[in-house]
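Chain naming follows the written order as A, B, C, D and E, and within any one chain the residues start at number 1.
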Amino acid sequence: MIKVPLSNIKVPRINVVRRKRMGLPGAIPGSFLIMENAVPSKIFVFSYKTDFLEETETESVEEAFAFTDKHPDCFHWVDVRGLGSQEVLNFIQQKFGISNLVMEDIVNIHQRPKNDEHNGYSFIVSRMLELDKGLQLNNEQLSFLLFDRLLISFQEDYKDVLDPVRLRLRKNTNGNIRKLGPSYLMYALMDTVIDHYFSIINRIGDEMEMVEDHLYQKPHKYLMYRIQGVKKLMIAMRRAAWPERDKINDLMRLNSPLVNEETRLYLRDAYDHTVQIIDLIESMREASTGLLDLYLSLMSNRMNEVMKTLTIISAVFIPLTFIAGVYGMNFAYENPKTGEILRGNMPELYIENAYVYVLVLMAIIALAQIWYFARKGWFKN
Amino acid sequence: MIKVPLSNIKVPRINVVRRKRMGLPGAIPGSFLIMENAVPSKIFVFSYKTDFLEETETESVEEAFAFTDKHPDCFHWVDVRGLGSQEVLNFIQQKFGISNLVMEDIVNIHQRPKNDEHNGYSFIVSRMLELDKGLQLNNEQLSFLLFDRLLISFQEDYKDVLDPVRLRLRKNTNGNIRKLGPSYLMYALMDTVIDHYFSIINRIGDEMEMVEDHLYQKPHKYLMYRIQGVKKLMIAMRRAAWPERDKINDLMRLNSPLVNEETRLYLRDAYDHTVQIIDLIESMREASTGLLDLYLSLMSNRMNEVMKTLTIISAVFIPLTFIAGVYGMNFAYENPKTGEILRGNMPELYIENAYVYVLVLMAIIALAQIWYFARKGWFKN
Amino acid sequence: MIKVPLSNIKVPRINVVRRKRMGLPGAIPGSFLIMENAVPSKIFVFSYKTDFLEETETESVEEAFAFTDKHPDCFHWVDVRGLGSQEVLNFIQQKFGISNLVMEDIVNIHQRPKNDEHNGYSFIVSRMLELDKGLQLNNEQLSFLLFDRLLISFQEDYKDVLDPVRLRLRKNTNGNIRKLGPSYLMYALMDTVIDHYFSIINRIGDEMEMVEDHLYQKPHKYLMYRIQGVKKLMIAMRRAAWPERDKINDLMRLNSPLVNEETRLYLRDAYDHTVQIIDLIESMREASTGLLDLYLSLMSNRMNEVMKTLTIISAVFIPLTFIAGVYGMNFAYENPKTGEILRGNMPELYIENAYVYVLVLMAIIALAQIWYFARKGWFKN
Amino acid sequence: MIKVPLSNIKVPRINVVRRKRMGLPGAIPGSFLIMENAVPSKIFVFSYKTDFLEETETESVEEAFAFTDKHPDCFHWVDVRGLGSQEVLNFIQQKFGISNLVMEDIVNIHQRPKNDEHNGYSFIVSRMLELDKGLQLNNEQLSFLLFDRLLISFQEDYKDVLDPVRLRLRKNTNGNIRKLGPSYLMYALMDTVIDHYFSIINRIGDEMEMVEDHLYQKPHKYLMYRIQGVKKLMIAMRRAAWPERDKINDLMRLNSPLVNEETRLYLRDAYDHTVQIIDLIESMREASTGLLDLYLSLMSNRMNEVMKTLTIISAVFIPLTFIAGVYGMNFAYENPKTGEILRGNMPELYIENAYVYVLVLMAIIALAQIWYFARKGWFKN
Amino acid sequence: MIKVPLSNIKVPRINVVRRKRMGLPGAIPGSFLIMENAVPSKIFVFSYKTDFLEETETESVEEAFAFTDKHPDCFHWVDVRGLGSQEVLNFIQQKFGISNLVMEDIVNIHQRPKNDEHNGYSFIVSRMLELDKGLQLNNEQLSFLLFDRLLISFQEDYKDVLDPVRLRLRKNTNGNIRKLGPSYLMYALMDTVIDHYFSIINRIGDEMEMVEDHLYQKPHKYLMYRIQGVKKLMIAMRRAAWPERDKINDLMRLNSPLVNEETRLYLRDAYDHTVQIIDLIESMREASTGLLDLYLSLMSNRMNEVMKTLTIISAVFIPLTFIAGVYGMNFAYENPKTGEILRGNMPELYIENAYVYVLVLMAIIALAQIWYFARKGWFKN
């Protein structure tokens, strides 16, 4: 039943990367300071319509928007990866008249998923979760500025999980992704992010089955670390999933002119997915509590077993050892000075076969105890 | 009070079949890929009205709908079992103009119970639960496309729990099932599915009584596995029952033209059932937590008993053994070199009846201890 | 402080009678099959108005309604006890045009308290709880069909808790019970049922006080069984009390013509009672959790005490026994072959008063340890 | 850090007085039977306006209302203490036309805080909590009948916490209490009752600090009894505080003509207080759970310590004792019959300094074990 | 992985300063008694507009408002630090016609965050939390009286966390803080307070990581104290954060003329922050429960290890010691009186190499046991 031997488990602990919130208390609200460890921005631009697609990659924000300006009849996706370049952010803020508070939220990467409608644009946040090989959860902020014909996305670093959408954008020339504009594109990106949540949940489900199978064999300490790790993951995922659901509901219900009717239908589907995810997360949280209970009761079971072993051995041998000790005493047969016989001083020692009788007595005591423990069921597990 | 001996319990663990969610992250939404392990579709068609019923079974979807087209004045139930045939799904999608997203949900068998109204049809999902002999819970998706005079149902495999409805359809020529059209038929199918939930709950109730009876005898490890299993079942059943209730409420309240007035009355009854089920599930969850607490406290009780046994035996015999050890020491009576008497070296050994005195002393010590432990209540359980 | 000695507790366990839900999955909804263990119906009829009362008892339903028909200007209460007579149920269904689904609910005795208004009558369910001498909870269904001038009640068996109402009906000729018609009578019956909940809660409160008092003396295993029993009772009572509250609220608020204004005032009072009951149940649930925590921590306390006893005795005597063992070794004073003195071989044995010195050493070691344990507080509880 | 030594704690348990609900099941609703242990009523009357105040005390209800009738232009407070005089209650009921159900609630002292508006008067219930010296919580019902110019209050016994209000009534001739009529007076009484809740919470806070300080020193059993007591108090206080909040909200929002505008402002303040109280109660409940967890983990810590002590001593001495036992064996040097040397029989005993070598060996074994345990960290706590 | 050695942890416990609620029960509502330990007030005044700023510091309230009166075209911030000067409070109350109840709330420093609108002014409460070096949480009340062109703030003592705002006020001559009036200034102060919550949460996050890292090494008692401390902090922070969120929502939604439109946008941002804080607090509470579970299961793990050590050593040596004891018995070879050989009395002692055989037997027994324990997995952790 067990597929993975415990020795193969290289990573004893599952972890969640913690990112500290930066920013000085009392700073001017809307002052967006580049984070210390932010990487310089790279900008990837897609300009597309049904029968046309052109891409470019640049580090200059002027170049990027010069490229989009060349295709006024196209939709555009400007994908800013890395939040370390002040000039990029400044340029975008000024060109599109973005509020200071929005710019601060883009840079301050601890936003919960949300949908804020502004004058002429919407600001939307997703959490892009990824569980790496070493069972470490990365929780990256993916924010969007949604305009009528333009989508700007912001990511913390260069890596992401969005390549399948890029592929569809390039290949699926007749699909909705080319036709339905930036709101559908944003939906497609969010949906991909959410699909990734399912992958993570699948892996954690495997993990929990593995832990349970091992637990039934032997409640090893490492297994408990893993359960603890699953719990931490679940806490982190919940924090992303619940507001994600609300955000999508918001996008679906509010009558923003930026989200077209057809996209709304798809958002309904994404909403179902977030509900499924929340459902799975809550089930797994309960299941992980169950595993912890299992671990603890198995531990107490083992302790019981250990103690029974000790008690049986001690209980059997301690009285016997006492008897042996008694007959090891040196009470004298006769007074060494006077030679007179000291009556009462261990006359048993001088009886024929007394040794055999004592051994038999010992055996009887031992058997009586073993019978007593057996009747109490101590030899059954 | 105990009917089932523990040795008769063949299955130590209760399990929930886990089905992994398939589908590539970032796939085109509404792309419905046949699952790897899906079985080829078999189609069972019923065409009926009050005084007429004809059935057929086929693997060709064209044949199936040719059959329904022969009876334009009848109601039809097209029961598709097995989701492994792309052509079947494509045919149905095209013939009835079903949305891509709906088709995806039919194939992607992890939907929660729901009721989605579309243009001209409704899409409804039920979860068909079954607890097999080996205490394994199967959780199959049963989806419906409800039209004005036609009901199409989709199941994952060929087996189901719906035969009683088929029987009523054949025999009960004058019943509502023949008269009230596909919405009533769908209700009858869902009701049968829900009745099955009660059977499962009954079995789990038996299980819990058995576990409790055994626990009071002896808190065996296997019993705890069973409690854990009950908890897992309850988590799984809850995930099905709560949205099931909401779905039926939806069907009952929304003014869909596809659900007739008389059926609504029956849905009210089904709604009551789902509420009862949720109620029972929550009670059982609490009760299973109670059983776990019972197990843990009984374990700690047994541990206490084991430790008391060890302590009493050790406490009684260790001091006695020490005394025996003292009189087993070899301090010399006289200096072997000079022959002078070494005063103070164990003169007790040379006193008449000293051995008897020591035995009496030992008995007194032992009795004092036993009296002490008895007064502390250690001999009562 | 303890009034009941534990030995007087005859019943170690508190139980809830479990009644399995019957009925075949997929049966025609509204098919009301007499349950296997249902008893034949006895019918008790009261016809009354302010200055008049006549009663009869019969097993024939025709007779019963012939009796009511004799008094067209009276109110009537037809009390059907026992649900085992198909003809009784059929007669009532046909005479008053009761829906199939209602008849099914009367027979299928697992309904939650509810109030369903129908055309010309209301169908109301109460749960009649009783805790018998042997601490067994009975949970009987009491259903009502409420008409303008007639109340029909249905019980599972012949016994009930409703005699005080019958007495008032007979004696209190000028009271509301004679004046306000069947809705007030039904209220009076429900109120009596609810008053019984308070009695049960009172008994459980006594139980919990007894358990707590005993616990503080000695955490006996039986006490934990009782706590477990209280928890089971609480789960069962909650299942009855919460929907009872909603039902009475419903009766009070909905503008049913069958419930007159004056009765509504009394329902408001009954509503208060259900809220009090729910409040008490939740408090007792918490308190029983507290008792379990108490039990567990007292157990761990006792274990600690047991282990300290063992450790002190072992720690004191084991080193002493070792010393005694050392001086019990037989290293030879001289080489038996050559007679040469073996220097270094236990010269202590041949020193004057060495035995006394060793005893003193042992005493010092023992006292040092006892002092150490005392300082650690191990002798205080 | 510890101010109170444990030995000073005279009262090991905190208790909540339980009052059983009386009344026969099925009694006529609104029949108000004097409780068995009710004390005879004493009536205290205040008649007052801004520039006038007169008081009287009597046991005759006629006298009391004769007194109020003398001052038709005054406000009146009739304070009935003790609910044991049927004639007092009857007189009031008849004089003011109070509903039977209200009279029952006055006498049946288990009402939750509530506000019931009736025709011409309001009926309001408060719970007057008091924690006596012996840490026993008393929970007295204080009910009000509020009229336009008259307030009647009912208490279970003669003692109360309302003297500060009486004092203000007498002294504060120009204050709101003289000007704003009975609704403000009732507010002032309720506010005083609520202020008392804060006192109780303060005492419990002290208690919990004391328990925590002691726990960190030594997890004594008594401390756990105290935690348990705090939990019981919290359950009781919650039951009073939550409906109290709702009641005051009700008084504040409903447009009863009996409550004047200015009093409403003060009720808003009282409402804030009830919210603060609920907040504090919930925090304390959590904190008391934390203390229990602390207790349990400290207990398990101590057990660990005890077991380590036992294990270290046993592990060190048991092997040594075995070695000593080996060299205490009596295998003969020569055959006593034949005198032939028995080779292999404990030649060590006849080696020079063998005893010293054995002692050294023992020391090495002991040190090795101590080193091993030290490295495992068993000597650190 | 561990950065901080446990020995460096100077402060074993995290604490929350508890402030007792003062005030006599039954005091006149709105009577604001200076608290015993209140410090005398110091008043800091800022008068400012876009191109102008003047500050002063005084202890005289007349002087302070004389200063503001000099600049009728400016906005003013009067910052009262210390609540111990009755005349200051009286002056303010009279000058601005503040309600008694508001004055009481300013002095009675246990208010929950709230927003109360009054005639011409608003009264707003914030909780200013600070975690000092010694891991002690201070919870200070910061209240505001907000007027059209004036903001009065009240603090308990002279220290605060608001200097960054003062700096912005002085330096940022063209910022919103100079332009948007007292509502924006109040927002800026509250925002700074809230930013401080994030700092505290960051420190607690570090703390929890440290505790977890150490736990995995060794479950020291101190670590559990720290977990307990984190829980207490979380309870305190929650009590501040939840009503803070509601308060800001209130400020944002209610159409108070005192809060201008632009400030509302910023309040929306502050609202986001409070939601994030609540989210983080709840996650940390769960995580701290996880740490406690981890601690407890690690403790039980260690106990298991300790017991296994004891059991293995005892089980191996106790039987061997028994055997040694047997051969240490003194059964006589011959009757000392008669010299006749006592057959059966330990003939083994006189067999050649019997000692060796016994040693071999002992080794076999020991190895068999070790093999048995190894097979049971007791040597693996």
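By definition in this document, a contact is a pair of C-beta atoms (placed from the backbone, for glycine too) under 8 Å apart; a residue touches a chain by one contact, two chains touch by 3 or more.
From a predicted model like this one, the values you see are computed outputs, not experimental measurements.
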Suppose a student superposes the Cα atoms of chain A on chain C; what rotation angle should they report, nearest 5 degrees? 145
Does the chain A and chain B pair touch with the same residues on each side or with different residues, judged by whether over half of the numbers are shared? different
Centroid from C-alpha atoms only, then distance chain A to chain D, rounded to Å. What do you get? 40
When the C-alpha atoms of chain C and chain D are each averaged to a single point, how far apart are the two points in Å? 25
What positions in chain C touch 2 or more of the other chains? 296, 300, 303, 307, 310, 314, 318, 321, 325, 328-330, 346
Select the category (line, ring, star, complete, other) that matches the graph of chains linked by touching. ring
What is the sequence of chains around the ring when one begins at chain A and proceeds first to chain E? A, E, D, C, B
Under the definition above, what is the set of chain A residues touching chain B in their complex? 161-165, 167-168, 172, 175, 177, 188, 191-192, 195-196, 198-199, 201-202, 205, 209, 216, 265-266, 268-270, 272, 275-276, 279, 283, 286-287, 290, 293-294, 296-298, 300-301, 303-304, 307-308, 310-311, 314-315, 318-319, 321-322, 325-326, 328-332, 335-337, 342-346, 377-378, 381
Which of the residues in chain A end up touching chain E in this complex? 13, 18, 20-21, 23-30, 99, 101, 104-105, 110-112, 114, 218, 220-221, 224-225, 228, 231-232, 235-236, 239, 292, 295-296, 299-300, 302-303, 306-307, 309-310, 313-314, 317-318, 320-321, 324-325, 327-330, 333-334, 341, 346, 348-356, 358-359
